[in-house]
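Please find one structure pasted underneath; my questions will follow.
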Amino acid sequence: MISFKNDYNELAHPVVLQKLLDAQGIQFNGYGLDVASNQAKSLISKHISIPVDIHFLIGGTNANKTIINHVLRPYEAVIATDIGHIQVHETGAIEANGNKILLVSPKDGKLTPVQVQEIVETHADEHMVIPKMVYISNTTEIGSIYSKSELEALYKKTKELGLWFFIDGARLGAAIVADPTLSLDIIASLCDVFYIGGTKNGAMFGEAAVITNPKIQENFRHSIKRNGGLLAKGFVTGLQFEALFENDCYFTCAKNAIESANYLKQGLHNLHIRFFYESMTNQQFIYLPNETIDKLAKEYAFEIWIKGNQESVIRLVTSWATKPEHIDYLLKSLQD
Amino acid sequence: MISFKNDYNELAHPVVLQKLLDAQGIQFNGYGLDVASNQAKSLISKHISIPVDIHFLIGGTNANKTIINHVLRPYEAVIATDIGHIQVHETGAIEANGNKILLVSPKDGKLTPVQVQEIVETHADEHMVIPKMVYISNTTEIGSIYSKSELEALYKKTKELGLWFFIDGARLGAAIVADPTLSLDIIASLCDVFYIGGTKNGAMFGEAAVITNPKIQENFRHSIKRNGGLLAKGFVTGLQFEALFENDCYFTCAKNAIESANYLKQGLHNLHIRFFYESMTNQQFIYLPNETIDKLAKEYAFEIWIKGNQESVIRLVTSWATKPEHIDYLLKSLQD
Amino acid sequence: MISFKNDYNELAHPVVLQKLLDAQGIQFNGYGLDVASNQAKSLISKHISIPVDIHFLIGGTNANKTIINHVLRPYEAVIATDIGHIQVHETGAIEANGNKILLVSPKDGKLTPVQVQEIVETHADEHMVIPKMVYISNTTEIGSIYSKSELEALYKKTKELGLWFFIDGARLGAAIVADPTLSLDIIASLCDVFYIGGTKNGAMFGEAAVITNPKIQENFRHSIKRNGGLLAKGFVTGLQFEALFENDCYFTCAKNAIESANYLKQGLHNLHIRFFYESMTNQQFIYLPNETIDKLAKEYAFEIWIKGNQESVIRLVTSWATKPEHIDYLLKSLQD
Amino acid sequence: MISFKNDYNELAHPVVLQKLLDAQGIQFNGYGLDVASNQAKSLISKHISIPVDIHFLIGGTNANKTIINHVLRPYEAVIATDIGHIQVHETGAIEANGNKILLVSPKDGKLTPVQVQEIVETHADEHMVIPKMVYISNTTEIGSIYSKSELEALYKKTKELGLWFFIDGARLGAAIVADPTLSLDIIASLCDVFYIGGTKNGAMFGEAAVITNPKIQENFRHSIKRNGGLLAKGFVTGLQFEALFENDCYFTCAKNAIESANYLKQGLHNLHIRFFYESMTNQQFIYLPNETIDKLAKEYAFEIWIKGNQESVIRLVTSWATKPEHIDYLLKSLQD
């Protein structure tokens, strides 16, 4: 059984594991106030030309609920697409902290400055929440990418309207590698806070939150603790990000995911398989007859995205760990 | 510099690391629905003679806020001591979910059935919350232990009053090893829910929540997710607990912590150093002149528990990783 | 200036005021445990053939947040339309208690059993909230009515799916008077909890929550208090509902609102004014040229519902206090 | 049956009712944006020499939860005494919004600057909430008074430590009348926010929140709405405060409560009845044999404050509505 189910099915990139092994026997300070975390922050900072605050968090949902609650006042709300991870797949984690999400319908998984403007204009009095933050994922939940110019437009709009701009980077590596207009520095310059996803790009777990706007940096560690995300052995996360940002392993991981996806995509095109959505990143969505899906499921793990009567859409995900032969097997099976 | 600051300053017990290494290259299901997690649950279950639900959580604060919020209705409250971890050291994580804590003053760090009864009796109408849960830590925040008979008395009282009984086991290994009346099976039989702390006893992170009362088992995974504690790579926690419960490594770890503490204690007694509190477990509290503390701090890391003008109380913590020579050095330094 | 802005612009129906005057000098028990509240409950109960619990609340938003939070577990959610009062006009009051709202697009302001089914089917695992309640307003936010058969279908569907069914009755009087298939008894038999709106139908303030399902009756007074809705002088609300339900004043009030609306509607039709939506109740929505609106606004108060470039939609609301001559004036002004 | 149970057992002072009667037939704007509310604010402002924001709220618990949540960030906490109303008698309403209360033991019902200092000093890192507000009630929950100099000391301390100072004035009228060092202007100059309690001093319901610190004035109406306290007919509260602050009726009400209490106190002293606490305000606490209490309870309503085996403490409350003959009856009954 080969899994194309997700990008978090294998333990960790070998350099990450090696870094942990090397740390065995060393005594670290607790709660992320350790040399490894500091070193990791320093390595990440080198990619960013403005001063930023960096904090290591344990996972995506935890990062989202912590950041949103840290920034918003109770009567303020966050704007997201109706397929946004915070809206659909976090079991009300945002609302658990009292924060409301305002929804817009995305195009290609993305929201636009016009939509942000409309939401703000239609929330005019004290009977409604005040829209105060825009949340996007890059790559999006369906694998599309906000390019540099799209981010610029959104960032400009948020500043014009006095909103915070937050980029969920659970799959940020994939976005940066797939879109040459992007880089960590560009991301950092076009938002108030974002995070660099480790879980889905080579780490065992962990996201690196980068707060670029000094106005929302204060007391962030209090918010992490309150949300149950301050690991006693914070150095475990620090060590992982140290490994990922030495020798740009983070981007090597993402590169393998994207190249694997492109290789897979090419192969699927060659087989004349229909795409549900032309994704440029490591999530590919294709139509297959249900019969084919049933057969395939005996050898491969994947997610059924949209279930139909005759045919369905399945999602195939590649990662830092995907090997060309995995894709070859899959394409071979599909051919048969 | 040798650290007696805490029991979470080293990476992980070697068998835990080895288990991770062995898992490299394997593809696991996500979110804790994997073979390693299942195997770990099975190993833990062997210590417990009643059917239970087991879930792996990421850390103590997260476990506490998740469990308490899962069980209580909004207008119900949890009873704890005024030194309780949930009250003092979680930055309002319990209240973040809307849950109120009702306080009693502990004796030797512990609360009593009489105090529980009093709290319930004084909360009689709808202008007050309904006390509905008792929270204790075993070992307590100051290293004392609830013995089997104390747990029996508390459990009986909670059942008599219709309360849930929740045991925070962040240092449960230490309690079980130090007190021969205790075992995992006895703990399980005397509460509704508890957890087995991994972070402070050999794991990189992770706590194993054990829900013994079927009435509060339903939908617990929803509560984990909502509280941001459902790791995508849940198998990382599963693998660690698998390692800890193969060959009873968990108890070996705790045994080293307790034996080291006893060895330290004996040495301190020999030096006629005054104890702030006669702890039986791996947290020792002693008085030292401030001058001595300043000198000691150059070579050893530890926490100043209570700061005084002339002398202060410091806390010395041993762990699975403490070596006899560490203690010998420390005693030698103190003698000098 | 005559106001068609809302149905809560005048103090209270004269019998309500008289009841307060008659109570002057009497000493009542606090917090709604008084003879007037009991008498009011008894009068309301006479309209309902099943045993119910009745509680007096202070207003609509408070009632909604209290009822929803009382009933749902943290990881459960309430289904509403995207124009639902709880979604749009309560400044996040529902989310303030940690409860998430799941949205469907209404037809004529109403949601359907099919939509409920779809929401439930698409929320299948622990990464998503569990839909557990359906919230509707009757009349709806745009003045449409759920008929008896529509309520039957929704109620049946919620029971089939194990959901609670909650009817916001801020304008319930208008619904019952305008739709002959409805009555308080029928409403009570087709939901788990609803409330009878006083604020918009003759009272100074206050809503009577009626909990028909015994499973959600327990400790409701705790939830009221926790949500800041337990008035010390609860008898003030009790007295008002006593007045409204003696001699069916509640329905007399609603009748005046509906008859006034019908009279207005007829007059508007005679003037060939276009309707935005054919409402059967006391909210009427019409198109007018912006120029006309500007002139009208000098003599009449009303809300601009949808602002357009050339013409806009305005809302005209009638109430228990509307007099025929008010409508005659308005129609006359429109004719001119 | 005569009630000394509370100061909210009668409808309202006659001038309040008359004001409502006079408003019958007038059309007001909704949600407190009306002429009566404006006039009431203007009348209150005349007592205060600095510019302030005034908002009318529906009751004490609602006011407390709204103000505290409006001002605090999630990880900040409010300091109160362990008999504080927000701690004991609000069913977790403060925690419902995620706010934590830090407790100190009061002397004569009051907290001191030293206690505030201690709390702040012991909350030093991100594992603990940040104390950021001091909450007191004046009069306190046991009828004692913070004098001008006590308020000065507390206010100075809060400013020194960067805390907000909030005064719950549910019985502020009684404090001002009983203590000649106090006035509305002095209260306003010595805190960041307070409220003038209407419910317990002549109104049917309602508290007037006065925000003196401009830093916490913004968007307060959003917080009111979110907490379910924005009455559609806000003019009903406005009218009541207009009545109470025309001709100083508010202080006349409080004067009657205090004078009645003094008259009662003198009479009790004459009967050599022991006082539990020497209150200067309208709550008096006395010891009585249980047998006497049982007899008394047949003719008078009052609260048993502390239940003992032989004797108990009862609370006797006077109000704006108490008549001398009520007290004469009671004293006569006690004599017998």
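Descriptive notes on the structure:
Here the chain labels run A, B, C and D in written order, and each chain numbers its own residues starting at 1.
The working rule: a contact is a pair of C-beta atoms (placed from the backbone, for glycine too) under 8 Å apart; a residue touches a chain by one contact, two chains touch by 3 or more.
These numbers come from a predicted model, not from an experiment.
Mostly identical positions are employed by chain C and chain D in their mutual contact, as over half of the interface residue numbers are shared between these two copies. Taking the CA centroid of chain D as reference, the farthest chain centroid is that of A.
We define each chain's centre as the mean of its Cα atoms; on that basis chain A and chain C are separated by 42 Å. A separation of 33 Å divides the Cα centre of chain C from that of chain D.
Distance between chain centres (mean CA atoms), chain A to chain D: 50 Å. Within chain A, the positions touching two or more other chains are listed as 74-75, 90-92, 96-98, 126-127, 129, 222, 225-226, 230.
Per the touch definition, chain A reaches chain C in the complex via residues 74-75, 77, 88-92, 95-100, 103, 126-129. Residues 1-3, 5-6, 8-12, 14, 17, 20-21, 23-30, 58-63, 65-66, 90-93, 96-97, 199-200, 204-205, 222, 225-233, 235-236, 301 of chain D are the ones touching chain C in the complex. Against chain C, the residues of chain B that register as touching in their complex are 31, 69-70, 73-75, 97-98, 126-127, 129-130, 219, 221-226, 230.
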